[in-house]
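Paired with subunit B in one complex and with subunit C in the other, subunit A is shared by the two complexes that follow.
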Partner chain A sequence: MNAIVESITKEYNNHILEVSTSQNETYLTVKKEIIMKMCDHLYHHLDIPLVCIFATDERKEEGSFKIHYVFSVDREDAFIILRIDIDGKNPRYPSITNKVAAANWYEREIQDMFGLIPVGHPDPRRLMNFEDWPAGVHPLRKDFDIKTKPPRIKGEYAYRRVEGEGVYEIPVGPVHAGVIEPGHFRFSVAGEPIINLEIRHFYTHKGVEKLFENISLDKAVFLAERISGDNSVAHAVAFCQAMEKIAGMDIPPRAKHIRTILLELERIYNHIGDIAGIATDVAFSFGAAHANKLKEDVLQLNERITGSRLLRGMNTIGGVRRDIGSKKDEILVSLSVIQRDFRKLMGLLFSTPSLMDRIETTGRIYNDIAKGLHVVGPVGRASGIDRDTRRDHPYAAYREFNFKVPVSKAGDVHARTIIRGDEVCESIALIEQALWSLPEGEIRIKADDIPDGNALGYCEAPRGETIYWIRTCGNKIERCKVRDPSFCNWLSIEYAVLDNIVPDFPIINKSLSLSYSGNDM
Partner chain B sequence: MLEILIKTIKTGCQTTKYPDVPEAAPEGFRGMPQLLSDKCTFCGECVRVCPPGVITITEKNNEKTLALSYCGCIFCARCEEVCQSDAVKLTQEYELASLTKEDLVTIIRRKL
Partner chain C sequence: MTVEDEIEIMGQRLNDKIRKIFGRSLHIREVDAGSCNACEVEVNSLSNPIYDIERFGLHIVASPRHADMLLVTGPVTRNMELALLKTYNATPAPKLVAAMGSCACNGGIFADTYASMGGVDKVIPVDVYIPGCPPRPQAVIFGLMVAIGKLEQKIRKTEVRS
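Up next is the complex of A and B:
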């Protein structure tokens, strides 16, 4: 870690204004003119992924806005955070999207939420504030009151157009056929193959980050739990870990084990559900029914051990709220039955030609695209990105256990299905290890007062790397940035569908398992 | 094909007769919270901690009223956790569908 920081401080010596370190996070305040060069250097030359960009409004304390670029040094379990100051009177800064494509949505988000303009952004359209939202109103600025109801105005959104002989446009959504959340997909097709897709989201943007700033600490974890319904545990754990890091708190070992078990149970039911979805979308209803049955078995197990099918209400700052140690045998027995059935099911799925026909080579995301967009989680791993927060930045009790991180290079629906299947088996093995070595003792420690400070909380949700950055002040949340994995992965669908036929879109979409709710925060 | 057939027969019927035959939620289930008027001291602690703020306490005409609405309850059991008098408990009840909002409120009162 020191070596990397040293090398960049040497190289950019004249441009670095301040260096500070807290635990595994190194903050470098740099001049804004150099930011594009530094990000490019870290991302492309040192191969350090950019995992989040967010802004803070510190005009009151420091007289400026700040933008933070979070880089994850996976090899050394560390983070480098570049920080630039932006004067409130001239809220402009150089965009890095032309060099680092992964910055695209973050910069547009900051433009909408804070009114800071990324100069040179290739697509400066609005992202979250829709066209009926008045100009100059930026909800995450500190002087924007949460009760404000801005008037609606008239405006229009310009979609990219693909024109040519025989090119048709197919608009889908935002209202869909099933009970799912809203999102707009605009396909351009030439015959059957898709030649372009543009997605538009954020129809249900709820202002979660603003809500965090207006809620007391003990209630905030319940809000985090509800950001993305089926990734409840992951969000709650990432939130709690950030808080515990700020407080310098080491939670009891038993709580760490229980968190690990909950996180893995969540991964199991999500992955099996996704596999069921893929089977449904290729009309292999037999496989879908069996996978759904297995998912239901896991949900009922969840309910029996925690009282909640989606494992909610279990995490709290300082540990967990319920002990599940007494249910050890029940969990082990249920999981061994589920594992046996699951293995059989996967064997059956992969030996069914009508299914394989549809998923092999479908929806390919090439490694360079996945890297460029910073695709995370099982989708990234299916495209050859060997990253997993559990291994690279171990949290909860993961340091103590052995597990493999399955990776594949193929990048198609088939690869994503295999990765999920393998991860389910790894998760079951992890739960077994955690239960066998479950330490005795407390499950939570008191955490009434959290000191002022800031820290990153991170976690590998079923969908991938989930990141929180929280700053507390006076026992309140001053800023809470949430980065859900779907925010990184949604754009990859625009590439995955290219050259595929329209009827394969649902399978590709399912195999990417993208959350609207986690994205439209 | 044969494999699928065998598996189907082996798995058998998986659906249950619910709602014709009621199904009890397991022990420890976080269901509808219940207020116990004889135990409650109207201290207001549950009101303070409830994340969605669905418990309210009011005082009028020398009478204290504690009302809990299930419409927004997230079944987090914070109320149960903080109550010193065991006056609020989460039950195993989960069938909460109703035609009116009024059905979804439980109220206890105490004359001062």
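Up next is the complex of A and C:
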């Protein structure tokens, strides 16, 4: 870690204003003119992924806005955070999207939420504030009251236009045919193959980050659970870990094991649900029925051990709220049955020619695209990106267990299905290890007062790397940045569908398993 | 009583009601007006082989134009308000609206923000509220049963008037 920071400070010595370190986070305050060059250097030359960009409004304390660029040094379990100051009176800063494509949506998000303009951004359209929002509404600025209801004005979103002989558009959404979340897809098609797809999201934008600043700490965990419903545990754990890091708290080992079990149960039902979705979308109802039944088995197991089918209400700052140690035998027995049935199911799916025909070579995301957009989670791993927060930045009790991180290079729907299948088996093995070695003792420690400070919380959700950055002040949350894995992965769908036929879109979409709510917040 | 037994009993009662009022089946269009997707997980569960609501005469359809009932989730975000209104207007009368989940009932934890309308009944009329975060599939089935009873009342009222 020191070696990397040293080499950067040596190279950019004149441009670095301040260096500070807290635990595994190194903050470098740099001049804004150099930011594009530095990000490019870190991202492309040192191969350190950019996992999040966010802004903070510190006009009251320091008279400026700040933008943070979070890089994850996976090999050394560390984070480098570059920070630039932006004058409140002239809120402009250089965009890095032209060099680092992964910055695209972050910069547009900051533009809407804080009114900071990324100069030179190739696509400066609005993202969260739709065109019917008046100009100058920037909800995450400190002087914006959360209860303000901005009036509607006239305005229309400009889609990219594709022209040519026989090219037509298919608009889909936001209210879809299936039971899924709202979002708009606009296909440009010539015959059957898709030649362009433009997604437009943020229909479910609820103002979560602003809400974090306006609720008490005990409620904040519940809010984190409701950012992306099927990733409730992952969000709650990432949130709690950030708070515990600020407080310098080490939670009891028993709580760490229970968190690990909950996280893996969540991964199991999500992955089985995604596999069911793929079987449904290729009209293989027999396989889908089996997979859906298995998913229901896991949901009922969840309910029996925690009281919530989606494992909600279990996590809290300082540990977990309910002990599941007494249900050990029940969990082990249920999981062994689920594992037996799941193996049979995967055998059935992969020996069905009508299914294989639809998923092989479909919806390819090539490694360079995946790297450029910073695609995370099983989708990234299916495109050859060997990253997993559980292994690279161990948290909860993952340091103590053995597990494999399956990786494939094919990048198609088939590869993503295989990766999910392998991960389910790994998850079951992880739960067994956690249960067999469950330590005795407390399950939570008291956490009434959280000191002022800031820290990163991170977690490998079923969809991939989830990042929280929290700053506390006076036992309240001053700023909470949430980065759901879907925020990184959504843009990859525009590439995955190219040259595929329209009827394959639902399969590709399902195989990427994207959350709209986690993305829009 | 196991989950399966509960479902059988409730399902049969529901089926009898649907048969009496609609002749055969009730068509539902699910609308996500900004939920966190937990309610969608449970709506999808309704169609799995354990609950399998189709066998009781409940059918989830692709378009509001085919629907007797809208099952709305989420606090209704500002960005979804117009889409929800359009969906409501596209549903033929007599229609039912069920608000599913705490957010849909009164905005839930998201009620007080710049981007949330704070509940489905702020935008369209609601017949039945199904609380829960998310409601269990059993609760959803019970809620649908109450909603159908309400439609029965609605139809009777119009008959008395005419």
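Definition applied: the second predicted complex is superposed on the first by the 521 of 521 C-alpha atoms of A that agree within 3 Å, B and C clash if a C-alpha of one lies under 4 Å from a C-alpha of the other, contacts with A are read in each partner's own complex, and residues count from 1 in each chain.
By our rule, a residue touches a chain if its C-beta (ideal position, glycine included) is under 8 Å from a C-beta of that chain, and two chains touch if they have at least 3 such contacts.
All values derive from a computational prediction rather than experimental measurement.
A.B. asks: With the two structures overlaid on subunit A, would subunit B and subunit C clash, or do they fit side by side?
C.D. replies: Here the two partners, once superposed via subunit A, clash with each other.
A.B. asks: After superposing on the shared chain, does subunit C or subunit B touch more subunit A residues?
C.D. replies: Looking at subunit B versus subunit C, the one contacting more residues of subunit A is C.
A.B. asks: Could you tell me if A:E181 is touching subunit B, subunit C, both of them or neither one (first, second, both, neither)?
C.D. replies: second
A.B. asks: A:Q433 in the overlay: touching subunit B, subunit C, both, or neither? Say first, second, both or neither.
C.D. replies: neither
A.B. asks: In the superposed arrangement, does A:F130 touch subunit B (first), subunit C (second), both or neither?
C.D. replies: Touch status of A:F130: second partner only.
A.B. asks: Look at A:T56 in the shared chain and tell me whether it touches subunit B only, subunit C only, both, or neither; answer first, second, both or neither.
C.D. replies: In the superposed model, A:T56 contacts neither subunit B nor subunit C.
A.B. asks: Once the structures are superposed on A, label A:L211 by its partner contacts, choosing first (subunit B), second (subunit C), both or neither.
C.D. replies: Second partner only, subunit C.
A.B. asks: Between subunit B (first) and subunit C (second), which does A:G307 come into contact with in this model arrangement: first, second, both, or neither?
C.D. replies: Once the two structures are laid over each other on A, A:G307 reaches subunit B alone.
A.B. asks: Applying the document's definition of touch, where does A:N454 land relative to subunit B and subunit C: first, second, both, or neither?
C.D. replies: The answer is neither, since A:N454 touches no partner chain.
A.B. asks: After lining up the shared chain so the two structures overlap, which partner does A:K149 touch, if you call subunit B first and subunit C second: first, second, both or neither?
C.D. replies: Second partner only.
A.B. asks: Pick one for A:L223: touches subunit B only (first), subunit C only (second), both, or neither.
C.D. replies: both
A.B. asks: Once the two complexes are overlaid on A, one stretch of subunit C runs into subunit B. Is it 7-15, 25-33 or 115-123?
C.D. replies: 7-15
A.B. asks: On subunit A, which stretch or stretches are contacted by subunit B in one complex as well as by subunit C in the other?
C.D. replies: Correct list for subunit A: 219, 222-223, 226, 293, 303, 312.
A.B. asks: Residue numbers of subunit C touching subunit A in their complex, please.
C.D. replies: Spelled out, the residues of subunit C in touch with subunit A are 3, 30-45, 47-50, 60, 62-64, 74-75, 77-80, 83, 86-87, 108-110, 112-116, 133-134, 136.
A.B. asks: Can you name the residues of subunit A that touch subunit C in the complex?
C.D. replies: Residues in contact with subunit C: 130, 137, 139, 144, 146-150, 174-175, 177-182, 202-208, 210-211, 214, 219, 222-223, 226-230, 232, 273, 289, 292-293, 295-296, 299-300, 303, 309-310, 312, 515-518.
A.B. asks: Any idea which subunit B residues touch subunit A in the complex?
C.D. replies: These residues of subunit B touch subunit A: 3-4, 7-8, 11, 14, 25-26, 28-30, 49, 51-52, 74-78, 81, 90.
A.B. asks: Going by the contact rule at the top, pick out the subunit A residues touching subunit B in the complex.
C.D. replies: 218-219, 222-223, 226, 286, 290, 293, 303-304, 306-308, 312-313, 321-322, 344, 348
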